[in-house]
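Take this structure, written in structure tokens, and hold onto it; I'll ask about it next.
Chain lettering (A, B, C and D) follows the sequence in which the chains are written, and residue indices restart at 1 in each chain.
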Amino acid sequence: MKNLTATLLISCPDQHGLVAKIANFIHANNGNIIHADHHTDFTTGLFLSRIEWQLEGFYLPKELIGKAFEAIAESLNAQWKLYFSDHIPRLAIFVSQQDHCLFDLILRQKAKEFIAEIPLIISNHENLKYIADQFGIEFHYFPINKENKQEQENQQLELLEKYNIDLVILAKYMQVLSPNFIEKFPQIINIHHSFLPAFVGAKPYHQAYKRGVKIIGATGHYVTQDLDAGPIIEQNVVRVSHRDEITDLIREGKDLERIVLAKAVRFHLENRVLVYGNRTVVFE
Amino acid sequence: MKNLTATLLISCPDQHGLVAKIANFIHANNGNIIHADHHTDFTTGLFLSRIEWQLEGFYLPKELIGKAFEAIAESLNAQWKLYFSDHIPRLAIFVSQQDHCLFDLILRQKAKEFIAEIPLIISNHENLKYIADQFGIEFHYFPINKENKQEQENQQLELLEKYNIDLVILAKYMQVLSPNFIEKFPQIINIHHSFLPAFVGAKPYHQAYKRGVKIIGATGHYVTQDLDAGPIIEQNVVRVSHRDEITDLIREGKDLERIVLAKAVRFHLENRVLVYGNRTVVFE
Amino acid sequence: MKNLTATLLISCPDQHGLVAKIANFIHANNGNIIHADHHTDFTTGLFLSRIEWQLEGFYLPKELIGKAFEAIAESLNAQWKLYFSDHIPRLAIFVSQQDHCLFDLILRQKAKEFIAEIPLIISNHENLKYIADQFGIEFHYFPINKENKQEQENQQLELLEKYNIDLVILAKYMQVLSPNFIEKFPQIINIHHSFLPAFVGAKPYHQAYKRGVKIIGATGHYVTQDLDAGPIIEQNVVRVSHRDEITDLIREGKDLERIVLAKAVRFHLENRVLVYGNRTVVFE
Amino acid sequence: MKNLTATLLISCPDQHGLVAKIANFIHANNGNIIHADHHTDFTTGLFLSRIEWQLEGFYLPKELIGKAFEAIAESLNAQWKLYFSDHIPRLAIFVSQQDHCLFDLILRQKAKEFIAEIPLIISNHENLKYIADQFGIEFHYFPINKENKQEQENQQLELLEKYNIDLVILAKYMQVLSPNFIEKFPQIINIHHSFLPAFVGAKPYHQAYKRGVKIIGATGHYVTQDLDAGPIIEQNVVRVSHRDEITDLIREGKDLERIVLAKAVRFHLENRVLVYGNRTVVFE
């Protein structure tokens, strides 16, 4: 049984005494650090850190920890976020017609591979509604086209708010989100079915086949305004050969997509990912 | 001890009776097939095959086998090549300042990982001459620049002819060969230090670092007129993390480059590679 | 749409003219070979081959092909099997309490990653019955213990016969099948959650953790009388670190188990696996 | 140019305030932490850590740092070691007849992939002496047999002392070191050419071939009294198929051996490896 913990993700310009300052703050309040991982990026001069400590016996009540840390953070010129293990993140999964990532995420959530709730599935097709029904999840269908896109996305954003969604997962959602959507709801993880930056855009397996590559890949990344160019969280690959036709690449790729997306989501939900510039630190 | 063998690499439009025709030709002449691998590419309707058979007791003398097969090949509208195991291919290795692939190829050749001779090393720098000396290989220095490029390349081509070179290996040769060179000597294998088609061109590890990829790769490919776009023979990858700075990517990449280039060269020298379109069949 | 095909898996002592004889048999009857892969094992002197050809226009009717080939096979002293693509294999999946491989196989079958029917799930626990119900598959519960094992297994064997089962898949079935069962129904594929032959027997992830390995694996193999020692069809691995506790190994291992078992099953169902001695040829 | 740094490797029972105590010690003395990685092993209740800081401007002189830290360490009941980046470790490489790991280590040292000196090569054969000569390294030949083993090993130990050796690397040294040797010189890294614990002992590639595995591996580990059972530092694997004969496994394995051994050695030399029980933490 794990007790209540706090996790701090922090980045700031590198300087003397950083680790001591943060560790002292925790220790002075009787916290027990159970994970601490620091990284210094010498190219940018940034210190990046993830610290998790047990809150049992901590002198500060939960709601005051952030405020108390603020003073320290300010003196460090730091960007930081504080997470508590009793907050259960709420996910909305966006899908189109393919079911493998959707099934996979739901089954992993049920198997407690990550701790989250999945109250909402959104799709631009109706054919996966039966899965939502099967697992008792709300399903909303948005028949998006060029004309109605803005209005449909606005409805989607309203749903995200209504359901208190923390993270949107594009689990093979074959629609490009508008800049407006991304601006209003920037916490989005996408699975792209290629080894980015190779084969950006549509039909990457067809592109890979045509190019005759010997290895195919998949990429889990945060969504930004630039298509398929957001910070990469996780990638994986599998070897293919001349015997593999496009249908084989798609089949092998589905395994990659499942594993890479699930891993990216898990890292995010465990507060292991720090974005800086267009790069990520993943504190595994 | 392996006896003398012949290897046939053939591609032709798919049609009934292909395997029978080829196998009968060999069997009728008392050849014993020791390896046979056929592939049908349904997208292009092509049949591609590699067959190796023992020549001991073969009714046809070596010099007549090709002529005898020609009639069959013509009826099949086939492209084909015939190789004999007693022909020792001769390699010219082109290098610049990095020594790891050069050392690697020489040591593998000495360890008989592939059967070939290396009579010639060509470089646009002088600093690796000592390795050539150490192993008793001719070393020729060509201080190429924009002005003298054509003339220097012509001298290089003359050397290739003089030394009866079968294959040029670009083992981290940091010069782009001119279209003229490639046209006159088209048997060239290059190692590119990225997972193509990602990070074409210069400084791929720097590009990879900037993009924040979680896996880096290397690609062994035939050189064509399009930079870094020739048919891929072999690729491999290795996982990296935020802890890896560019120097780490370069170090890890050197291992990839060695292994991928050596494998591409070995496949080629064992006559396992069939190019069709911009793709390769590698009969492993 | 793929047309009706026949697939021949054959092994025999290596000898002149093998490929010609087999290819001629097919060609003489107007068959079109679409896949042919031959392997010579020089250690044992065995020729092993897989040939698939289209039956449209084939002169021999399906039911006579085997008989007609028998004469040739006998002259070659060959072991062989003939498969037709219109036979849909029927699978029985044996499970205990873990659901991930069961779900995975069912979803792949529904996605047509392999062509088979799954009429039967057998378990020594009741907790996965709901999955069988969900997908409309018969579920039979056998509360096996030392005393009733023989009698329960006999009932299982009766079910396999009743349902015309071609292949039993042990999808994390935590019971050792008796020698009698294996003798009476020898077509069984098991997933073992280690990189065999490391960590044979119970609790391999615990063994792996204790040994401090840096990579864990999974193995799909045919079941023989020797525990975890049958011919290996497929293996895969994933890197782990000191940060991974046993629960992490189990989570990562589940992904391996799914992928390895599914691949082993697919290779088997596509008639790509030839067993000789305790080794397999997998004609990918 | 990297400045002088100190690296602390420490393990102790987990307790409140550990990170703070250590960080304060460094900060109070004006040290700048550039790498810090902590790990808590919940199974054993151990805290394990690696901290590296810059010594420029550090208030304590190098020779007093250890003494000053002793008081803290004692209060923590800790095991610890302190390393300074200006100490260049000295390696002795033990080989038999195979040259690939020897060449590889020498070339990596010359390429500065790790910082060390290689003053001594020891072998039970004479055939690799030419490599030692080529690179100006002392070569000592010990024709070990059952009768003279103890006496020869004593001479070897004397050489290790004479040359101030910090680390012995068994780079395919086909002799089992006696318990006496290991006790007297316990800093030894070995490369075993299998994926341990599979295929312990002699001829692992032959064992792997016979078992019909689909993946082969190599393991870099510390040598202990139990053959091939010491703490594992690094492992890697490569996929093989039925087409690979034993000679192919050996060729592929040589690449694995080179990479795995080099990585294990580099991790050790960068003071990234902490052994506890029979496991290692590798602070990558």
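Assume contacts are C-beta pairs under 8 Å (C-beta built on N, C-alpha and C of every residue); 3 or more make two chains touch, one makes a residue touch a chain.
Computed from a predicted structure; not experimentally measured.
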### Query
Which of the two pairs, A-C or B-C, is linked by more C-beta contacts?
B-C
### Query
From the centre of subunit C, which chain's CA centre is farthest?
D
### Query
Is it true that over half of the residue numbers where subunit A touches subunit B are used by both copies, so same, or is it different?
same
## Note on the structure
Distance between the CA centroids of subunit B and subunit C (whole Å) is 37
### Gap in Å, rounded to a whole number, between the CA centres of subunit B and subunit A
42
## Note on the structure
Multi-chain touching residues of subunit B, meaning two or more other chains, are 39, 241, 243, 284
### Task
May I ask you to sort the chain touch graph into line, ring, star, complete or other?
complete
### Query
Once bound in the complex, which stretches of subunit B touch subunit D?
99-100, 103, 107, 111, 113, 134, 241, 243, 251, 254-255, 259, 284
### Message
With touch defined as at the start, can you tell me which subunit C residues reach subunit D in the complex?
### Response
39, 41-43, 48, 195-199, 210-215, 217, 231-237, 241-243, 245, 277-282, 284
### Query
What residues on subunit B touch subunit C, complex-wise?
14, 16-20, 23-24, 26-28, 30-40, 239
